[in-house]
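Heads up, the next two complexes both have subunit A, just with different partners, subunit B and then subunit C.
Up next is the complex of A and B:
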């Protein structure tokens, strides 16, 4: 299993390079370092959400309320900015508040044993409602510059700070999942919940922690959002969850839990980003773009089946090779 | 030898200068204008795009139209970012969220790109000019004129998206004022205002409920292009055709059958083709240095006619269209 995963990740890298080459032929504007770096900006906030979601999915659960948590975080940031609170105070409080919302999901799922799709479908509406009540209909736009820094500024001329933040988050969560007890336990629970419980893992607590992590990351994504779009309102990031789930599934994280890693999710985001960037620069019509990305997602879901089919064709074509041991 | 090359390079410099000067000073065509709607594929915005394309063709400009296939502000910002990379001379857009598109539009203006909004505005400091399809008062009057064609007098009810939707609330406020103060419209009596959130099924239910709650109801008026056709469907389905009418803003393609079978008499809108044409034409004029955005300036926009710049770079298009059985076919969108 651990051998097959890098293979998919390698496939994603090849796909991305092919998509980049294709983009370069589609548009003369594509092949420029400034342009490519700047385009990463569009994928940072869904990317941070996807990294958090990946942890939850590894546990065999789902969280579709993350985009709503982001909206709540964005509105909360606007309250701190309006109160002229310093950003170093606002960030930990907002991240903690969003983590608390995530933990609430976790408690409902793990302690009460409710299905995670139903729970987070409910909180998706509830958290967004909370954001609408807390915020104003017209939205808040007069953020202090310090609040906008992460989402809007660049380092060395063209490297978006938000992209650096994303890389840091992905690296940290990647290490957490691969190199720590927490991560190993997540995979163990995802593969076999009962056996993990019998082995003495507190499954419920682990799930609550994972949901809290995903929620906290959504708070961080909110910081990127307000910088990039300069606006906080209840409907922020409405509909973004589709792209987030796409990235996680395409990244090779098994929707049933236990398999896949952060690297795959990051590579899937690069692939999606490269394709959207290339097609966007070539002004490809919207429906065509949706069809291409949808086909990509189906390919991601069908991946194991495709591999099996290819193997079968291979056996049919070279029966002697396959039957050699007989 | 040396002297001759100096002379040559001097001549070359003068020649280059003359070229550059004629290029910069007299540029009047060949601008690259990029347009993005709220979302593509919707007949309304496709008509606006055709108008923009025709204006650009007429003026010798390059015109590009692109965007996502559903209204999502992050996708619109991505489209605008991609536009910026392609270094256009101007961007024309219908903003999904007036604030969220502001940062990228401000960046565009910093790069010297002219930014024009139509249909739905962006934050005022993020664009050069905004083409407003119709003033609130004019929209209110147009819908009431349609209602008069439906019924000479009687009870009317309003359907809006929500109590906070800015344009719908303003339309209703002015319609109520006209019904109270203008003798022409005093024949009506307002009995109810309901909310349907721009949703088709909700609008249908709201219309049914209104007819049940008010047996003498004559006209349901909505400035939502979703609610008005849904109201017509509800009237038809519940057997109220000919007794109750639905009117307001609607796409001709959505209400054509009701007008043709006589169950409805009048709907209104404006011409999105001409709105797109006008926005693109005026953008060209601005690029060519022929349009001053000072309030009160008048300008001629080709076949779309003459317009006056209002406060804050806002220009009201203001030509309502009323669709009846006889005119709905000619709409072309």
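Up next is the complex of A and C:
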């Protein structure tokens, strides 16, 4: 397995390069640093959500309420901005509030033993409803400039701050998953819950922490959202969860838990971003992009089945070779 | 004292306890529905007038069919989030065909059924033979089917004046005061319930959902059974899409988007477990009525529409909690029973 994963990540890099080369032939405007850097913007908020979701998926659970948590966070930011609160006060409070919503998911899943799909399906509606109740139907657009800074400004002329933030988040969570006790325990629980419990890991607490982390990151993604779109409303990022789940699965994270890493998710986001950017420049219509996205998602998960089918054909063609002990 | 007699004596009351709990689940939905209606009726007397009740049922009718379709798939421990896209695809293609061939008769109904069945079969193939996680597979096909509808439609829509007259009339027709849509939905749901309850194939769907490995060892063709569940679900979504098109008149590409969540919510509220093997389609249909009642009551109370989302979400979590509590109860009673049997033997 450890041999196959880097292979998959390499495959993603190759796909991304192919997609970039193809985009360059489609439009003469593609190959410009400004353009490419600018195009990363629209993938920052789903990217941050995907990194958080990856942690939950490694544990063998799912969270489809993250986009709703983002909407809640965005509306909460608008409340702080309306009250003229300084941004350094608003960010920790909003992130903590979103982490609390995530922890609520975690408690329902881990302590009560409810299926995570049903729970987060419910909280997906509930959190979005909460965002609407907290805000209003008309939305809020008069943000203070300090709130928009992270999501809208650039460093050194053309490097979006939001992209730097995403890289920082991905790096931090990547290190967390690979190098810390927390991360290694997540993999252990994802591979075998009972064995991990018997080995003395507090599975329930670990799950609650993972959900809280994903929720907190959704709060951070909300900061990027308001900077990029300048508005906060209950229906923010509605439907974005499809893209987020696609990125996680395409990145090689096993939906049953225990396998895959943050690097794969980041590479999958680059691939999706390159394709979306290229197709956009080539005037491919939105619906066609959606079809490609869906097909990619299915191809991403069919991967093991395709490997199996190839192996079976191989065995049929060379029975003696495959059966020989190696 | 013979051991057999003891076993029999222990088994009797324990089994009725389990049965009681299961029956309690569906009657619990019914009780919740009655309580909810009583609450709305107390606050707003016009809730109880026949026109309003009939409106609730008409609104619930199509969702009842989709919730039942979702339930069949959930029972086999799978999931279909592409139901809304299947409805949209089947409805748009059918409406477009009807608009191009004005003289087409009621045989048109077969078209959405076939389309729905084919799309459901593709989902089923991916899940059962492709071994793709059902959430991922149908999340993918959800966007693929919806995207194909967009591409086919090219920004057009089919307006009601281009649809055949009988199709529009069907949606408003009444049989001795009861809307035809409601009767049709009830008939479909009851047929499906009978199939799942009394036919071997229906029982096998429950078996596969309760324990896929055990049913495979038992000799069931689990892959084929899962595929069939998806095909049945797809056909019903096709039918629901057709009825929805007839009801709204103007068929757009976004028809029934978001229904995947509403149908899941209805099924879960109706006591169908997302972990498979328990619940029934009647419960799912009742769940659809609960959702329609909440919608209607909130409108009457003048509560802003977005409260609906919040209440629906909380209802789903509450229903899932109730399921787990009941399942734990049953498991505990089974354990006690087994211990008693062992000590008796």
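Here are some notes:
One rule holds in what follows: the second predicted complex is superposed on the first by the 309 of 326 C-alpha atoms of A that agree within 3 Å, B and C clash if a C-alpha of one lies under 4 Å from a C-alpha of the other, contacts with A are read in each partner's own complex, and residues count from 1 in each chain.
By definition in this document, contacts are C-beta pairs under 8 Å (C-beta built on N, C-alpha and C of every residue); 3 or more make two chains touch, one makes a residue touch a chain.
All values reported here derive from a predicted model rather than from experimental measurement.
In this overlay on subunit A, subunit B clashes with subunit C.
In the superposed pair of complexes, A:42 makes contact with subunit B only, with no contact to subunit C.
In the superposition on chain A, contact of A:168 is made with neither subunit B nor subunit C. Contact with both subunit B and subunit C is seen for A:137 once the two complexes are overlaid on the shared chain. Of the two partner chains, neither subunit B nor subunit C is touched by A:92. More residues of subunit A are in touch with C than with the other of subunit B and subunit C. Residue contacts after overlaying the shared chain place A:290 against subunit B and subunit C alike. Shared-chain residue A:256: touches subunit C; no touch with subunit B. Across the superposed pair, subunit B and subunit C both touch subunit A at residues 137, 285-287, 289-290. Those residues of subunit C that touch subunit A in the shared complex are 79, 126, 130-133, 135-137, 139-144, 146-151, 261, 264-265, 268, 273-275, 304, 306-317, 320-321, 324, 328. Those residues of subunit A whose C-beta lies close enough to touch subunit C in the complex are 62, 108, 112-115, 117-119, 121-130, 132-133, 137, 234, 242, 245-246, 249, 255-256, 285-291, 293-298, 300-302, 304-305.
Taken together, the subunit B residues at the contact with subunit A in this complex read 39-41, 64-70, 72-74, 77-79, 81-82, 85-87, 97, 99-100, 102-103, 123, 164. Chain contact summary for the complex, subunit A toward subunit B: residues 27, 29, 35, 38-39, 41-42, 137, 139, 141, 152, 228-231, 233, 237-240, 276-277, 280-281, 283-287, 289-290.
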